[in-house]
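Both complexes shown next keep subunit A, but they swap its partner, so subunit B is in the first and subunit C is in the second.
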Partner chain A sequence: MSTVNSDAVSATQSMGTGATGAAVVNSTTARTVTPESPSSQHIIAEDGSNRHHRDWRGWKFMAPFAIVFVFVFIIPVIYAIYLSFFTHKMIGGDVFAGLSNYVRLFHDQQFWSSVGRVALFTVVQVPIMLALSALLALALDSLRLHGMKFFRVSTFMPYAVPAVVSTLMWGFIYGAKYGMIGSLNDLLGTNFDVLNPNWILVSIGNINTWEFTGYNMLIFYASLTTISHSLYEAAAIDGATEWQIVKRIKMPELKGSLAITVIFSIIGSFQLFNEPSVLQSMVPGNTITTYYTPNMYAYNLSFMGGQSNYAAALAIVMAVITMAIAYIVQLRSMKEQMK
Partner chain B sequence: MTFTKKAIALVGALAMAGSLAACGGSTSSSSSASSDTSSNEKVTINVWAWEPALKNVVPKFEKKYPNITVKLQNVGTNKDEYTALDNAIAAGSGAPDVAQIEYYAIPEYAIKSQLKDLSDTSAKDHQSFYTPGTWASVNYNGGIYGLPMDSGPMAFFYNKKVFDKAGIKSAPTTWDEFYQDAKTIKAKTGNYITSDSGDAGFYDSMVWQAGGTPFKTTGTDTVSVKLTSDAGATKFTKFWQKMIDEDLIDTKTAGWSDDWNRALGDGSIAGLLTGAWMPANLLSGAPSASGNWRVAQMPQWSAGETANSENGGSSLAILSSSKKADAAYKFLDYVSHDSEGIKTRIDAGNFPSDNDTLKSSDFLNQTTLTDSDGKKNEYFGGQKFNAVLAKAAANVTTGYQFLPFEVYARGIYADTAGAAFTGKTTLSKGIAAWQSKIVDYAKQQGFTVK
Partner chain C sequence: MTSMTSDASTVSSAAPLEGRAARKAEKARQRKIAKDEAAERSRSAKSGFSNPANPLRSWALTIITGVFVIYCLFPLVWLIINSTKTQQDFVSTFGLGFGHTFALWDNLVTVFTYQDGIFGRWFVNTILYVVVGAGGATLLAIMGGYALAKFRFPGRKAVFAVVIGAISVPGIALAVPQFLLFAKIGLTNTPWAMIIPSLISPFGLYLMWIFSEQAVPTELLEAARVDGASEMRTFFTVSLPLLAPGIVTTALFTIVATWNNYFLPLIMLKDSSWYPLTIGLNQWNKQATTAGGQAIQNLVVTGSLVTIIPLIIAFLALQKYWQSGLAAGAVKE
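Let's look at the complex of A and B:
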């Protein structure tokens, strides 16, 4: 009797009130067991159909996002995975290739050299940039600077300049003969060339630091402004020096946003593309190769060599590597914060 | 992050949707190719080209053929256009009727049967109309895959002021003299006779000029790559290595960079071995050196020879997917064969590919270039530079073949051979590495490599 009732109700009742509906319908049986609310929850949990309906309502609210997400994210990823199992030949067309693209990738020295390069870049550039950002944020937060607003805007400004434009600009500055470096060379009688193969990664790192220091500074600064003033007052009463305040109050607060900025920066560095590809036409020989970074390699494979299937395999492997590294960093930082 | 072919193709197709909508009515008349286009039926053809001179040609063409509307689009310069073209072809829709294709890219599209063979049109009688180099470039495996538009016979452009300062009376006529002059210029002025920081198109042209034929395609699926054993290729490689070793060419300044243009302007790069399309670029890139530069024939491997090669230059080709081939061919013919069409392009700065223009006295006696403000400029100090370049065009040897994937091969030249220009390896080792990458790619693409 109760089961029939519950079915009928679940069909007519809307999902939001499903819980109470079920409770009412089952009240006859419920009464015989225990009249408290926990029992009704227990019964609902058993009632599969009711639960199902409730889920659908949530999905309706999700739909606008879910549809877009599926089309622009899930489907392309699945399609890339699908593509990576094929190979396209000028003679012979598309052929199923199984895992051969992946096997080739694991033996591709060019690919691993590009991964090594962005890893090195990450290890060196990210700490420098984040240290600078933190310093700037602390300086801003100290309220001891003149022209705070100007300072804040001008450090953030480079982030608003499109990467292509800023790279072109830096490219002109870097010119060993006629750029700013060239003028310096004339002045000092030196022959310094930052666009040569030994220095180019540093030069790119400098552009990236210039571009993103302001952005990271803003994240740090935002977390500093959330510190309650009562803490500072307490510190002042206890006679803490400025340095002690920085060390005991501000630095611990920065730790939380550090995880976010590190993850963003790692992902950004692993996707390095704009700066080296724009600089490529300004540097001699093989200073910046077509496989300089993993993203450049994928781009050149698919647009220059017609090897989009192989590029798809590369993209997927790179996504996995980047996710793994970001995940490890996040785990570590969560452990840190637990301490 | 995911550079998938179809996704790219989709984007390409979407981009094209606009243009398709724009020519709405006429797209339905897909039978126009078979029907008589001389009837009053209106046809719209889509043309992809980056050559700016074509903008002036289209209105005159449309006046002559009122029933044909030309929709000219610049979808990008060379590599960018080829990418767009590949995407449109892969997507199966959105490809234009006519596309600008450089000579070196013709085999790549011809071998995939993506260009219409013009052998059954009036093009088959055009051989004597064009220079030998350009005509050979549009012929591939017995078919004619485009009509030559502009051309780029190699020549030696040099800064006479710097040569004078070094006490050199005339331009070098042999590579030996070129080497000696380079030494003199370096010693007396500190300048370089030319620059090269790893340019594949330049390397190809120099090998061609040295009589080399390192690439051969037989049938549709067999290629041979003999860069390490070809006599012309090894001759040039060895010579160029000597120039690099003795620091006689500027290897640090990347071609077409801002520094490069300035160096051409102030004389620190005192010469260029490049195509006949260079004058307009010199004027815009290095205006300060106006009056200092001159043009001469390419230096030769043995005194008295006249061998020359092409560098750059492009044709117009009809896509085999086009359903309006008749109208498209009328456009090709007007641009590349009709005297009015040719003159319009030459006036806009194109270097001609047809013998008539190369012989016309107006062209040969020209001493000025027109700058972007429309002012006449005696950039070559009053020299009749076109007379030199016309002779260079007539001297181009035939028989050189491009790879059927030349675009890719050139793209990876700097990766391999480029290391020789930064002192990391020798040019011959770099060329050997290039060859092995080319062979790998050929095999991956299903070619038989001999």
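Let's look at the complex of A and C:
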């Protein structure tokens, strides 16, 4: 969408009352308005004349965000890159080390095992969670549920629970000694242990699914509510079945919001830290190692092991991997909105 | 009628009336709509033709979805039940059953008095971080999003690209250098170490940008400018009121992010009197595994309950806003 066009959209929306709901309903129709309408031509002309003198007014509003952003984002990133080229020596302090941190990282089995673990986690957990979210959103949007409001709010509730509290709760529930699983084992005479090394990743996946399904559902649901209901009526009159409506109208709409949920979920699972880190003290022995995920490895390297330079190199490599994946998956579609 | 349209009418019809009377009238109206819809459904059940905007309710679908709701609520139910148990009962009785003694009140008192009432301190810290950090983050996001949506300033596209790129930078890539940087200027182990990084919410900026584009008509801004209002005055008197639902949404998300943050305070704060609730709770939990430490899981569970209640209340009270606010954000997808 070009700058001119997006202006046209906001201009036609000025007919809206400004109330949220109204803005939403209007924007769906506004998108179909062609640039030939008189009001948008007016804007185009104005926009064109503005190009002659640069309009700096926006910076008045942008500046506070930009200044803090530079301080907490840009400078630390540059600093991390700088740090990663040095190494800390007992004698002589920080010494320039070229790419040696990166070379060492490349041969670091522990690092690659942690990357493999989060990659596996992402490939399994994200699709399950997003499929659940999408199904839930479709169920809510079908308007066929009894007590819809209750469903919408209660499935979103886990999002308001801090990761630490979610992990503590699930950790206690998982407990084989005196948790829910323990009680279940006593009852059935079985010997389940979801906290053993073979199952721990699945158990963490369950915590993450519990935390974020509702959140993703809401994004999907929000995009479904923007579909004009006259479309469903028209489809129903044409004899479309409910399944056809889902497949031909609702699914294509979901695809749009899929991009954003996939990106956020991938970034989230590559950064996995809170859940394994809190669980660490609740599982026996060395089930969760200090290099269980890349984030935990970096944390332990820099805050427990005093190897900040190496941790910085690790962080940069992870940032590059995450960004590359996010780009491949669909960051492009988000950029298109800006044009 | 969909929930979206009814939300819209709630906002617009409540405006001319005042306070309690308006809410009462609105409630009565909603009840009437629900009644009419139910009547329509029972008619269509007989005739076999149903309105696609008001289809028949399905028990089968409700039950299937209900299974998932049970999954969502079950840990919370577990938390409530177990906050009523003594430590003795917690380790010995069935997880979803009550203990021998009902100790909720005792637990609450102990949570707030244990270790000289440090939990209260953590609670106050968390509120401080949320009010200043998340409040500031919301303000910066509102202004930035408004600028991106309503002004064509030089460098606008670069700002957007950098911020979108920043979303995908892992927290740890920043945390290590942020910590070293903050340590250099002596900010670690102070509230500022927690507050300053919380001020930036790229997601909030994105949300406010989309929302400003939709909710603030450019013509209205032009009109205010023609009348001679300064940009700041236009922003505060014209734009801000229009942005209210988006602001509530953004505020809720930044509040959740700050309230729930674990990683940042973990690295930045060493002194337990500056801890927020999340770090404090985890420290209490770890106490059971440290040598000679007293197991206080009943306090961990009760403290967890106290930690989540404010946010759950906020989400329930403001659901009208965040649900419609998110819907507006989703239009762009």
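A few comments on the model shown:
Definition applied: the second predicted complex is superposed on the first by the 265 of 339 C-alpha atoms of A that agree within 3 Å, B and C clash if a C-alpha of one lies under 4 Å from a C-alpha of the other, contacts with A are read in each partner's own complex, and residues count from 1 in each chain.
One rule holds in what follows: a contact is a pair of C-beta atoms (placed from the backbone, for glycine too) under 8 Å apart; a residue touches a chain by one contact, two chains touch by 3 or more.
Everything quoted here is computed from the prediction, not taken from an experiment.
Put simply, more of the residues of subunit A are touched by C, taking subunit B and subunit C as the two choices.
In the superposition on chain A, A:A319 makes contact with both subunit B and subunit C.
By the touch criterion stated above, A:V161 is placed in contact with subunit C alone, subunit B being left untouched. Residue contacts after overlaying the shared chain place A:K89 against subunit B, while subunit C stays out of touching range. When the two complexes are overlaid on their common chain A, residue A:G179 makes contact with subunit B and with subunit C alike. Applying the stated contact rule after C-alpha superposition, one finds that A:N196 touches subunit B and leaves subunit C untouched.
After overlaying the two complexes on the shared chain, residue contacts for A:F71 are found with subunit C alone; subunit B is out of touch. Within the superposed three-chain model, A:N300 lies in touch with subunit B and out of touch with subunit C [touch as defined at top]. After overlaying the two complexes on the shared chain, residue contacts for A:S281 are found with subunit B and with subunit C alike. According to the touch criterion, the shared surface of subunit A, contacted by subunit B in one complex and subunit C in the other, consists of residues 76-77, 79-80, 83, 172, 178-179, 271, 281-282, 295, 298-299, 302-303, 308, 311-312, 315-316, 318-319.
Residue ranges on subunit B touching subunit A, taken from their complex, read 1-8, 79, 83, 86, 111-112, 197-198, 220-221, 251-254, 256-259, 262-263, 268, 404-405, 407-408, 411-412, 414-416, 418-422, 424, 441, 444-447.
Interface residues of subunit A, counted against subunit B in their complex, comprise 76-77, 79-80, 83, 87-92, 171-172, 175-179, 182, 193, 196-197, 271, 281-287, 289-291, 295, 298-309, 311-312, 315-316, 318-319.
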